[in-house]
């Protein structure tokens, strides 16, 4: 017993010593830029994160090979080869914090791009500020990140607009399509994404049409597979429209089950992450429903050489049209590249993080969807972008692709709050200062 | 009135699904005294197997019956193979070890198997709704329900009846019951306890895979579907009484009803209705509703 | 086992704490952070170990981990308290009280039903937490920087201070738990697993033993949750999820139950394992992690501390051999 | 001198089966009572009821003039009712010394302290003294699961009685003890209790031992007392011979009926 414990102390100490020596400490190579890329690679989030990883991998390789069209035709980032380090975002915020610190200190990444879950973003942002590492929260959508959590961001940036944009544009689009609408029900996932989406959508709807009714606001657990009871509940007192921010497997399952039971004929579906369903279900998608893509991605993309190249290259590599996760990852890298090269101003080599961030503030950069992004809000750390909604009209069997009609693009200043205004206040004020 | 009939049908349909998911778990617990967390992974393996089998049979131009047969066949074969492998290579070495250790072993298996399905499918969500679509709709109480979902109620009742009959009315079933009662005496009486255990585990795994296969046409099969399933199956089995087939049926009915009622009437509390039902039942009946309580003796 | 000799467990605990404190500055912060997570997991796991010694497998220690973490977050946020020690103490007491109340119900449960009821209670908490605005919903709550008895480190020092604080809280609680386990009351804990009837016939209430054990386990998990919250400066409902409780159980099985030090070893090993699995196999870390877990369960069912015992006895054997061979050498 | 223990009309029902059918029994201070009866006669059930493990369905138990009906064992133990078991109830994973230490820390100290060390010199010495007194000191370091049955029996009794109880219930103290050691085994025990003027009720199948040591014998048959009195009177009793001590043939149907329908 005694001897065992004595050994205990010795072995614990030895373990500590070993670990400090294990951690990689390579000579910092000046010709490459190491980027930590954190996406959901397992669990339900993989339905989304694996596309982001595919997109990021494709962009990183293409940039290194200098195969991307203008304005990103320069090799790598400012001539530096991109060395991606992929990490799985699954496992919770505690694990992500450990992974983040490991990326920064052991892998010695120059920057981190990633994080889809708002819980992870909230947990990591303060640490990013503390460790002074450029961290691009590429796609979490909670306005609170820069409104409440890190109110004066220096090292955290977000190259994607907040979810507010999706809800506001959805409300506007729905009213344009159905001016006489009287009621909207909602079904969303029971965690902050779903809860916030429904709250913001209701606020936006009420701001636009105060007498609207909300007969049902259902919430289901992430990963629910059977929606029979919810569909029955929605069928028994159908609203004119049904709003949902479902994504991934939940969205697909719900769409399949709702359409076979005729819910789609009673209520007009408004799906803020709907193009994901088109990507997965193809021709089985609900005809006549309103779709969004967390931005003007995929079916809403403009035809620019960069956008066309991205779509074609993705199709060639992964045999499918790029889902919006891939667009979000691509714009994350493009944003950093644009800022980096602006800051370098023609000089080769590595730059200080602070210089890159300074260049990113207020920058407008081109994206794979053809709609530029402007780092307009929260002191230039928060992106705004135009967004679009459309209606799925059926499947083009000849071309084997979805037909999306009635596409309406909302300019960035129309659906995003002005700089310095909290999203929720802006919606309640009736979108004061919006430029539509 | 409409709501009431909707609640009943929804509860029945959801309960049927719950029972299918839970029956294998409770069977394995009954005989092996082992709470198999890997059951959730069996479910998702079965679902993926069904997706590929249905996809292939649709491509071959087979009819609905054959599509379903292919799905069930594929799920059963894979379930039996995995079950055999797991029992022989892992569990066999752990019989007699403390319960928690075996629990953790099945959790490890869950992680591995769940990840393997992701590797094979590439993490995309897949669907194969053809058999469900082909069977059409029925109207009950003014609402449309897919015939497939309603048929599943019958299927799960049949599974329950078959399980009950096998355990109570056949020689094999009596051997299994004997092993449950006292495996040492059973061994002394010439029953192959090892074989009964292996057999039960395989049957349980097959049932898990079949549950996945039967669910596959209703959902988009995507990574992580097993995690939710295992917790909810635990709830069902514990409420009904661990190791009892009628208990699983009753547990499924209660949990199904709790969910349907809350979804219709109190959607805010739907997420924790299941766990609340579990706490409430256990607080009143510590061994679940239908579990036989073993007497303690000095 | 002799009367007033030095207690080697306490010596080892203090040695680990001193080595960690002195060495902290030389260790990269990500390993320090893993160390912090290990202390918090270790505390919760010690609670699981106590209950396991009493023959009870709690699948719901995550509940008290949650209570501890959220007590810190809520008091820091709404009460404006920034002293880490005060927060940890309040958190541990809050969790201990919660455990004392729930323990009244649970003390009559045994075996799988105990496990399942603890699991269900924890999941109820998880589900409620994702809905309550005050708790920040599923996003959880962030926690600001702490002060340590008046010392207010900022920047890189903050993480160092937080690490040292975690180490010493763990050490103090581990010593207290160790003292509890070797007390006259503590001797009843394994006795419960052995023979409840005998305890009742020795005039003592088994229920009470289980209740106290559960309360202490809850308090330790609460302190663990508080440390986790302080380390991450963030808490979320995941704290109460069943997989968190699964981690605690895994840690105890991994490390064995020889002493209060064991779970710390197990927890640190778990964090390292997870970290390296996801570094080396970002896509298949679950498989790697699961396979490793399975290998340990299959080939080292008694836990890692058993491995140390084996190595130690091998070392002693070799040492015992050496003079022997030398002697023979001389005589020839 | 008042009665130590009084059972008044004690009944116990398990479903349809009556294990105790109205037992009336009185035990005085310092008495040594032997209980005889065939298997299933309700001897252990009676012990379970007296010691509080089972609640009687009907009837009352008085101990030292106090109504203790339905109180749990842990309370009765503290009142002075000790009990040993047919199958020794020990802490199988601990050593004999540790078993004894737990017993002492619970019974002798009244309350196990969180603040006092378990393996204190004082407690260790005390445990070793008790073990030696019972002649099992040499097994102190052995893990209980591995020691011989006779030693386990003694340890079980030693643990139960270490706090000088007023009444000791011994459930078949000689089962598992080899037949040539039985007599010595029991006389040692009885001597000890007699010296401390502790009342003893013991269940025993060996009639010679009962005859030699019991000052009074109670014969149980199918849940009721069929005879109660001095040993030589009881062993001469017609019913006792027929049902318990007599030829293995057992009871005649009529007599069986007489006692079964209560």
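Going by the order they are written in, the chains are A, B, C and D; count residues from 1 in each one.
Just so we're on the same page, a contact is a pair of C-beta atoms (placed from the backbone, for glycine too) under 8 Å apart; a residue touches a chain by one contact, two chains touch by 3 or more.
Predicted model only: the values in this text are computed from it and were never measured.
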{"item": "Lowest number of touching-chain links that must be crossed from chain A to chain B", "value": "1"}
{"item": "Joint neighbours of chain D and chain B, given as chain labels", "value": "C"}
{"item": "Nearest-to-centre chain - CA centroid comparison", "value": "C"}
{"item": "Distance between chain centroids, defined by C-alpha means - chain C, chain D (Å)", "value": "44"}
{"item": "Distance between chain centroids, defined by C-alpha means - chain A, chain D (Å)", "value": "75"}
{"item": "Whole-Å gap between the CA centroids of chain A and chain C", "value": "36"}
{"item": "Centre distance in Å when chain B and chain C are each reduced to the mean of their C-alpha atoms", "value": "34"}
{"item": "For chain A, residues contacting two or more additional chains", "value": "41-42, 190"}
{"item": "Multi-partner residues of chain D (each touching 2 or more other chains)", "value": "53, 85, 89"}
{"item": "Sequence positions of chain C contacting 2 or more other chains", "value": "1, 130-131, 197, 283, 286"}
{"item": "Residues of chain D touching chain C in the complex", "value": "51, 53, 72-75, 77-78, 82-83, 85, 89-94, 98, 101-103, 105-107, 109, 112-121, 123, 159-160"}
{"item": "Footprint of chain A on chain B - complex, ascending", "value": "2-3, 6-7, 9-11, 13-14, 17, 114-115, 118, 122-127, 129, 132-133, 137, 143-146, 149, 215, 218-225, 227-229, 259-260, 263-264, 267-268, 270-271"}
{"item": "Chain A partner contacts - residues on chain C that touch it in the complex", "value": "1, 8-9, 11-12, 15-16, 19-20, 23, 26-31, 33-34, 37, 130-131, 137-140, 142, 155-156, 158-159, 228, 232-234, 236, 238, 241, 258-259, 261, 264-265, 268, 271-272, 274-275, 278-279, 282-283, 285-286, 305, 308-309, 311-312, 316"}
{"item": "Residues of chain C that touch chain B when the two form their complex", "value": "52, 57, 105, 108-109, 111-113, 116-117, 119-121, 123-124, 127-128, 130-131, 197, 242, 246, 249-250, 252-253, 283-284, 286-287, 289-291, 293-294, 297-298, 301"}
{"item": "Complex contacts: residues of chain B adjacent to chain C", "value": "35, 90, 93-94, 97, 99-101, 103-105, 107-112, 114-116, 119, 231, 234-235, 238, 242, 268, 271-272, 275-276, 278-279, 282-283, 286-288, 298"}
